[in-house]
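Labels for the chains are A, B, C, D and E, by order of writing; each one numbers its residues from 1.
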Amino acid sequence: MMDIALNISSAICLFLGSFLCLSGGVGIIRFPDFYTRMHAAGVTDTLAASMILIGLMLQNPDAIVISKLVMILLMTLFISPTTSHAMAKAAMNSGLLPLLDKKENKDGVKSS
Amino acid sequence: MAMLSGIYGLLSASLFVTMDAVDVAFTEASIGAGISTLLMLTTIAMTGRTEHSVRHKPLLALAVVFVTGALLIYATLDMPYFGDVMAPANLHVMPRYIQDSMAEIGVDNIVTSVLASYRAFDTFGEVVVIFTAGIGVLALLSFARRPEDDAEISSDNISMHEQNLIVRIVSKILIPFILLFALYVQFHGDFGPGGGFQAGVIFAAAIILYAMLFGMSVARRAINQTFVQLFAAVGVLLYGMVGVVSMLNGGNFLDYNVLSEDPVAGQHLGILIIELGVGIAVATVVIIIFFNFADRIDILKHKVNKKL
Amino acid sequence: MLIAATIAILVVMALTIVRGCMGPTLYDRILAVNMFGTKTVLLISLLGFVMGRPEFLDIAIVYALINFISVIGVLRFSDSFGFKPPHQDKASGEKGS
Amino acid sequence: MMMILGLYNYWIVVGLMMIGLYIVIAQGNLVKKIVGLNIFQTSVFIFYISLSKVDGGTAPILVDGISLYSNPLPHVLILTAIVVSLATTALGLALVVRIKEAYGSIEEEEIQIKDNQEC
Amino acid sequence: MLAHLPVLQVLLPLMAAPLCLFLRRPYLVWIFTLIVSGLAFLISISLLQQVMVSGTIVYEMGGWPGPWGIEYRIDKLSAFLLLIITAMSTVILLAAHTSIQKEIPKSRQIYFYILYLFSFTGMLGIVSTGDVFNVFVFLEISSLSAYALIAMGKDRRALWAAYQYLIMGTIGATFILIGIGLMYQMTGTLNMDDLARRLPEVAQTRTVFAAFAFFIVGVCLKLALFPLHLWLPNAYAYAPSIVTAFLAATATKVAIYLLIRFTFSVFGLSFSFTTLPLQTLFVVLGLIGIFVASTAAIYQKNVKHLFAYSSIAQVGYMIVGYSIGTTMGLMATLLHLFNHALMKSALFLALGAVMYRIGSVQLSSFHGLGRQMPFTMAAIVAGGLSLIGVPLTVGFVSKWYLVLAAIENGWWPVAVLVLLGSLLAIIYVWRIVEAAYFKEPAVATDRVREAPMAFLIPVWLLVAANIYFGVDTRFSVEMAQAAAQSLFGVSP
């Protein structure tokens, strides 16, 4: 009984994670400018990664494996927002402006 | 471009995982995707990203590539198939490693036992190669620093690094953790993937992260360069000394059986020490290489700023 | 389910590579590389489970670390991470391949 | 058909190698040459690792109950080779940095022109 | 301790190199390096004696036998090469301190000696090992340090030359790596002896054929055989003088050794010389190499360039002797290895002395040097005569055997062409003599003095050896003959 419950919840987590991942992937291709793409990557990444990792944790009873997964999870949770922040800041500093309105701000994005 | 090669490193590393080469994947992840990419970035930062893509001699290149490619394809035609259990490579020398290494060396990870005992001399050569690269980089890039320049650069750096508060704090939390992880990898090499080489790279990566975020001059104050150089030499010597000691004890060079009463215990001791030597040498050499590259950047930027 | 998740991640990795090659600005490329790295971490963890030897998660940890360090490195050594005062550099969209 | 299934892996590796080699020879940019060299070497590593793979085998870390392992020897060789490639990359890039300082350029043709003027 | 000599030979310089970092003073480091190199020389003499008395020595690293571990295998050929390398390195090091003072900034001198020791180690390792992958590792040690050493030259072109060498050398090494992989795949072993036993079974497969081809191309890149020689002239010309002398005396020799070792001991004579048109190909390439390089040498303005091209031509002679494929031919090649090391190191060291006094080795700056630096110039002339192959010098001995071997095999045209090649050598040596003795000095006479003793002693040691081994040929011929016969004896 317990096994089945674990398996099902793990499957759900994995499914959710994969779905979020895919949506993030679509987002990174389809969104119009850097900042929105970063949003797609950053937000879905964090949640998707945690979902998949939690799903994996539910699959394995071994303590060492779980602790390692927890470590990976913690690290993703730390690192992902930090890199997003650093990237956004760097892009802003270098003069890359968000695409607020297509009419106002053409040179910021489409100069290449 | 360099980032794409970083992706390539990551990709090939995941490929190694699918092909059961965990240790290799470990190393490729830290080297191909990490250190090599960082070095390329520093170089690009110095040389500039401008490029005019002139492809010279394309015909010659195509001809050479075509001939070698054709020869290789030709060579594959008689090869045993991918994953073939009966391939000669899997029948001749390799079975002994799998069957007897537990009794002879007593280490779970066969890669470690082959690396550190059966073919220990190759690994010694590998440590020497990386040490040579460190000395080579020193010989090419080191220069006498003038104290007044140093002071100016460090004041430049401090103003610059105050901006990146969040990254700095997160990294401060991460760095001790990374160092701990490096130690874990160092001593866990007997049971799982890992060992001196990977540990050394991870250790150096932590130091590099510190240096990148807090500035070279701060890092330089924390880590004395002369000291690091001597330590690199100590790493190589440690490895060699194990061999010399085993020679003095009556065995051949790098014969760990004679290091202790019980051959398996001797093997354990030998592997532990040489892995430590590898770890020290690799970590210090990577630090040396990175510091010398990054110093050049600092000086360069400093000159540019002065002109402005 | 594990295999389905692996395939999904592989697809996403392909998409990020597309963005990395296309990416009009340097930062798009950095973003793509970063995302590629995080996805590789997931892929490795999944692969460990798929192949039935989950003790190899160490590699995933190393990936996460190396990925972080590389991204910081890219930002630090591209010309924009604090070396110049903000808003001076107008050439934001220069080619970065 | 058997042949394609049995050897496709090697062919892909050969393709990668040739891409790397082409970049090394045809590129004029010194940093790119080194990247090409890296690709070339890494594909040789993949080639080695693929010949160590055994169908149904698993990573060569001894575990009770498993008797079929992949061949550990190529792994060891490649660990060494990776280190060698790092060393080469580091040294090559250090040379590039010095060349940039001495010549002011990292394009092969410009350097050649400057050299010819000196002779 | 005698049993450990094979590993000590390599280990001594290897362990000494990191120790240099602790000494911190260039002068001390120089003394230390010199002592280490001298000890290595003594070890190599003792090894040679052992091998001559008791045959091939096998030393198992880590106590693991045969194909499982790495073994060192020293036969007559390796012992002979070890002797050449250690002797040359010791003599050249005598002049190192003085020469380096002028050419390399003080803060980098220690690194110079460390890299020198590593390069030295790498070559010794290649020669003594009996494991193909170990060859690759030591090849990389010696080449990486060689790249860095070349880049330490004063001229900025040294950097560019080192970069080109790095690219070519790495491609060569990677080719060798591919060859090793293919061979491993077909046989499952990396041990040379074991390979020689197992390769004949699979000799007819395309994979082994390709492995052989990759090896040959990779080694020829290192060897600077004619179409692949482009990296060599610049690398030799702009490196610090000591480095040029050392590399010219040893590096190509080690590559030739690899070629001989692989074709004779690993793949076996019957495979190497029958399945491929290798023999014809090598003779043709060798001969073209002799003529193209000698002609190019005639037109050089820089004397270092001139001798670098002459080195390529000499490689051509060795390849011709090697590809004749008889004991006599191989013997001529081995003799020429020894003799060429003697004359080229003497010549490049003498050039180092000129560099020390004048700061340039352009042909135009040689004007009038015959009177200003009489001993140095006399050494260059003696070396040049040896290069041409005048009787009573070593150059004569090896060319004599080469021509004999060609005639013995009925290859008259080859013998004639080899002699014609020597005529070209007369021309380029004459150009130096003309500049040094028959042109008026460009600089005021009193400013240029004779080279310091630190140069003159090693240079004249080498010149004396040139003449001694040209008159009393017993040692070198006996050694070369023994090595050649043992190679032919092992592989039928």
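Just so we're on the same page, a contact is a pair of C-beta atoms (placed from the backbone, for glycine too) under 8 Å apart; a residue touches a chain by one contact, two chains touch by 3 or more.
Quick caveat, the model's predicted, so the values are computed rather than measured.
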item: Count of contact steps on the shortest path from subunit B to subunit E; value: 1
item: Path length in the contact graph (subunit A to subunit B, fewest steps); value: 1
item: Shared interface partners, meaning chains that touch subunit C and subunit E; value: B, D
item: Chain pair with the greatest number of C-beta contact pairs; value: B-D
item: CA centroid of subunit A to CA centroid of subunit D, Å; value: 31
item: Where subunit A and subunit E are represented by their mean Cα positions, the distance between them in whole Å; value: 58
item: Subunit B and subunit D: spacing of chain centres that average the CA atoms, whole Å; value: 15
item: Length of the line joining the C-alpha centres of subunit D and subunit E, rounded to whole Å; value: 28
item: In subunit A, residues with contacts to at least two other chains; value: 75, 79, 82, 86
item: In subunit D, residues with contacts to at least two other chains; value: 21, 51, 58-59, 61, 63, 73-74, 77, 80, 84, 87-88, 91, 95-96, 98
item: For subunit B, residues contacting two or more additional chains; value: 1, 20, 22, 42, 44, 72, 76-77, 79, 87, 89-90, 93-94, 97, 119, 122, 125-126, 129, 132-133, 136, 140, 163-164, 167, 174, 192-193
item: Pairs of chains satisfying the touch condition; value: A-B, A-C, B-C, B-D, B-E, C-D, D-E
item: In the complex with subunit C, residue positions of subunit D that touch it; value: 58-59, 61, 63
item: Subunit B-touching residues of subunit E, taken from the complex the two chains share; value: 4, 7, 11, 14-15, 17-19, 21-22, 59-64, 67-70, 107-108, 111-112, 114-115, 118, 121, 125, 131, 133-134, 137-138, 140-141, 144-145, 147-148, 151-152, 178, 182, 184-190, 198, 202, 205-207, 209-211, 213-214
item: Contact set on subunit A toward subunit C in their complex; value: 10-11, 14-15, 17-19, 21-22, 24-26, 28-29, 34, 37-38, 41, 45, 48-49, 52-53, 55-56, 59-60, 62, 64-65, 68-69, 71-72, 75-76, 79-80, 82-83, 86-87, 90-96, 108-112
item: Contact set on subunit B toward subunit D in their complex; value: 1-2, 5, 8-9, 12, 15-16, 19-24, 27-28, 31-32, 35-36, 39-40, 42-44, 46-47, 51-58, 60-62, 64-66, 68-69, 72-73, 76-77, 79, 81-85, 87, 89-90, 93-94, 97-98, 101-102, 108-111, 114-115, 119, 122-123, 125-126, 129-130, 132-134, 136-137, 140-141, 191-193, 197, 282, 289, 292-293, 296
item: List of subunit D residues in touch with subunit B within their complex; value: 2-3, 5-11, 14-15, 17-18, 21-22, 25-29, 31-32, 34-35, 38-39, 42-43, 45-46, 49-63, 68-80, 82-91, 93-98, 100, 106-109
